[in-house]
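My questions all concern the structure below.
Order as written gives the chain letters A, B and C; numbering starts at 1 within each chain.
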Amino acid sequence: MKAYIQSIGAISPQNTFTGEGFLQEVMAYHHADYLKCIEPAYIDFMDPMASRRMSRIVKMGVCAALKCLRDAGIDNPGAIVTGTGLGCIADTEKFLGSLYANEEKLLNPTPFIQSTHNTVAAAIALMLKCKNYNNTFVHRGFSFEDALLDGLMLLQEHSASNVLVGGLDELTDHSYTITSRLGLWKKQSLDNLRLLDYKDDGSLPGEGVAFFLLSESKSEKSLAKINAVSTFYKPDSHAEAERKIQDFVSTHLGDIANVDFVITGMNGDRVADEVYHHLGRTLFSRLPCGYYKHLCGEYDTSSSFALYLASMILKTQQVPVVLKCDDKPVGKMKNILIYNHLRSVNHGIFLVSTC
Amino acid sequence: MSERVFVTGTGIVSAIGFDCEETASALKLSASGIGRITHLNTVYKEEIPVAEVKATDKELMEMAGIQQAGFFSRTTLLGIIAARQALLQADIKDIKAYKTGMVSATTVGGMDRSERFFKKFIIDNSRGRLRDIITHDCGDSTERIADTLGIKDYLATISTACSSSANAILLGSRLIKNGILDRVIVGGTDALTLFTLNGFNSLMILDKNGCKPFDEERNGLTLGEGAGFLVIESERSVRKDHKEVLCEITGYGNACDAFHQTASSPEGEGAYLSMKKALDVAGLEPGRIDYINAHGTGTKNNDLSEGIAIERLFDKNVPLCSSTKSFTGHTLGAAGAIEAVLCVMAIRNRWIYPNLFFRQKMTELAFSPVTDFQYNKPVRHVMSNSFGFGGNNTSLIFSGS
Amino acid sequence: MEQLIQKLKEEIIEALNLSEMKPADIDEKAPLFVDGLGLDSIDALELTVLLEKKYGLKINTAEEGKKILHSVNSMAEFITANKKS
């Protein structure tokens, strides 16, 4: 199963949406507790009447999807598939809050309607009047991977000749407070570009939206080719994770030496990063490696941001220095491996190549 | 794509029973599970009827064989109970013998526990027990069910409102057809929560007298809770293990109505398309369908839109049709799977289920639903509809031999 | 009445998040739904909540709702006719 990435619409804490070039100007956040998206001017994409009920995540999702389609020159995709770990939590919190505040009486229906996990996929379909396949995956660190696999299957089945696949998650004040209490983040504010220098537990929370228009055939617009995506769940040991990645590479690429660059999900958390260090000593020992969560923060569908990076590296044949975490030389970029995990539970692997 | 997809096990828990047998007796007796709220702590106890699973969380824990208190949402417990039954019926002794995955669906996930957390948290952000919030997300329930059953090879959770578990069955079938998995436990689970009760109440689509699907005087839906799971297998694993096959999943289709966020289009376009796609995948003419288990929520809008779509597709030959939501209530993310299990039972036993509380035919439609339990009917191909918010419409076709 | 109409318009803009609109943009005689302002069934529910919350007035049936929520004028008339004070 493979597909060509025709275009990308990515909204992130970096200038991925409106900025010129590829990570030309890296956004540095000092004394940051979290990274939030740089939001575009929504009015360029939809009129205020159409977005009057949309929360921030829905606006970002719809906007990124519309830009992605616009860049690909597609009006009506063959399918819309989204992945989101937590869905539209701002509206979920809003409805729960008013439920208790008003003792279940006279509640506004809008936040309830908008809290549904498939709100973004539905809103895109509604705007485009797209009556095709529509699905939403909501499984923690598998959300985007499962959505992408669904998209690849649709192409393989010839149920669609192109599919719109996206990953999206938002950070809210409440979700930040709760996940902080759960001990997921570093105790002090930090400089995002120095994420790996802080040796204590925890990571830096973030958010983002990235949509990809995938097609079964190549065009002059094609940015990169997705060769394979796979997931594995709760490996017993680092060695098992290594075996899974090794098997994946053998099946889809052959020798690991054919990988030109690895994008890892290193997030600065001591325990979470152990497996990447293990791989750096073993399977990846000869490969130049990079990371990305200092740019977008940690969130359930952050691998969609990594896929954006891989595609852009392959297209531009440039590896921005900010991504690198070792000084191994990088040469011509043909095959990029992405390996990320969420809390050592949900592991995702992607193989992306030049067209 | 030549792979066939076989159902080898089913499990169900809803307001009308804790397994397939109890469910069958309730159906035969036309005994609806709709009644007064007893477990949910809401101000609407006396006002809004629901179809509750008749057990406390503690009792569900015992049924699910869970000892470790405090980390399982009601949604998860219901899911474990139904999924265990499905594995038992499929006679799966070694879960690792084949590449086995799980695709579960839910709309509320662990919301019952999140509500407990949030009630304290909104007053003071340092309050609320953290163990009540870690079960919030939809993936939590799938992982706990999968862990209990030992499933590791592939996990996915789908949430597309009221069509969620129909989409889980659709995805599982495609994972087998694409040769990615040999076996998949597919289904969905949703518990009743304040969130959904108040949500649907704010939409003013809860019938204070209980739902009456396809009736002229219908006035809204009735919420229910429960779980349904099916074991589906590839031809290879069924042949190798000489498995008894319950039926085959021959058709599936998903289409988007793309009309309005909550309302269905007047001509039922999305519903028509999903049914049509399912027939195309199955390679069946509309006339071959023996029974339709309709989405039939009982809202004015759904039943009209769905009814019109059915008449567009089947013309004057509308098959026997009923909404079993008059028994189970609308179980949201579990509805597609619960109704799928009922469809499998209908094929196996040659049954057609009644649509309770129907009195008067809708003026806009030519057909009426079935109103009595029918035995010994030729039931070979059954269609099941599930439609959700955002116009997410899915139809499945189950076929006997 | 004038005052009430002005107030209602402001409340509608806030309740439905019509962020780009000013009260003057809403014609009190024009239909709020479909052809006029272009509101839909969810907005109707929000306006129903608004009437009950701010004016203590309940809409009992969908038919009644259609008449009352037809325009800003019809809403104002309903409020004036049914206000308790």
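Keep this in mind: a residue touches a chain if its C-beta (ideal position, glycine included) is under 8 Å from a C-beta of that chain, and two chains touch if they have at least 3 such contacts.
These figures come from a predicted structure and were not determined experimentally.
Ranked by how far their CA centres sit from the centre of chain C, the chains are topped by A. Set side by side, the interfaces A-B and B-C show unequal numbers of C-beta pairs in contact, with more at A-B. In whole angstrom, the spacing between the mean C-alpha positions of chain B and chain C is 38. Rounded to a whole number, the gap between the C-alpha centres of chain A and chain B is 30 angstrom.
Multi-chain contact residues of chain B (touching two or more other chains) are listed as 202-203, 260-262.
With touch defined as above, residues shared between interfaces to two or more other chains in chain A number as follows: 53, 107-109, 113. Residue positions of chain C with contacts to 2 or more other chains are 42, 45, 49.
Contact residues of chain A toward chain C in the complex are 48-49, 52-53, 106-110, 113.
Taken together, the chain C residues at the contact with chain B in this complex read 40-42, 45, 48-49. Those residues of chain B that touch chain C in the shared complex are 202-204, 260-263. Looking at the complex, you find that chain C touches chain A at residues 15-20, 38, 42, 45-46, 49, 52-53. Contacts from chain A toward chain B in the complex involve residues 1, 53, 80, 85-87, 92-93, 95-97, 99-101, 103-105, 107-109, 112-113, 115-119, 121-123, 125-126, 128-140, 142-143, 146, 149-150, 153, 156-157, 174, 177-178, 181-182, 231-234, 345-346.
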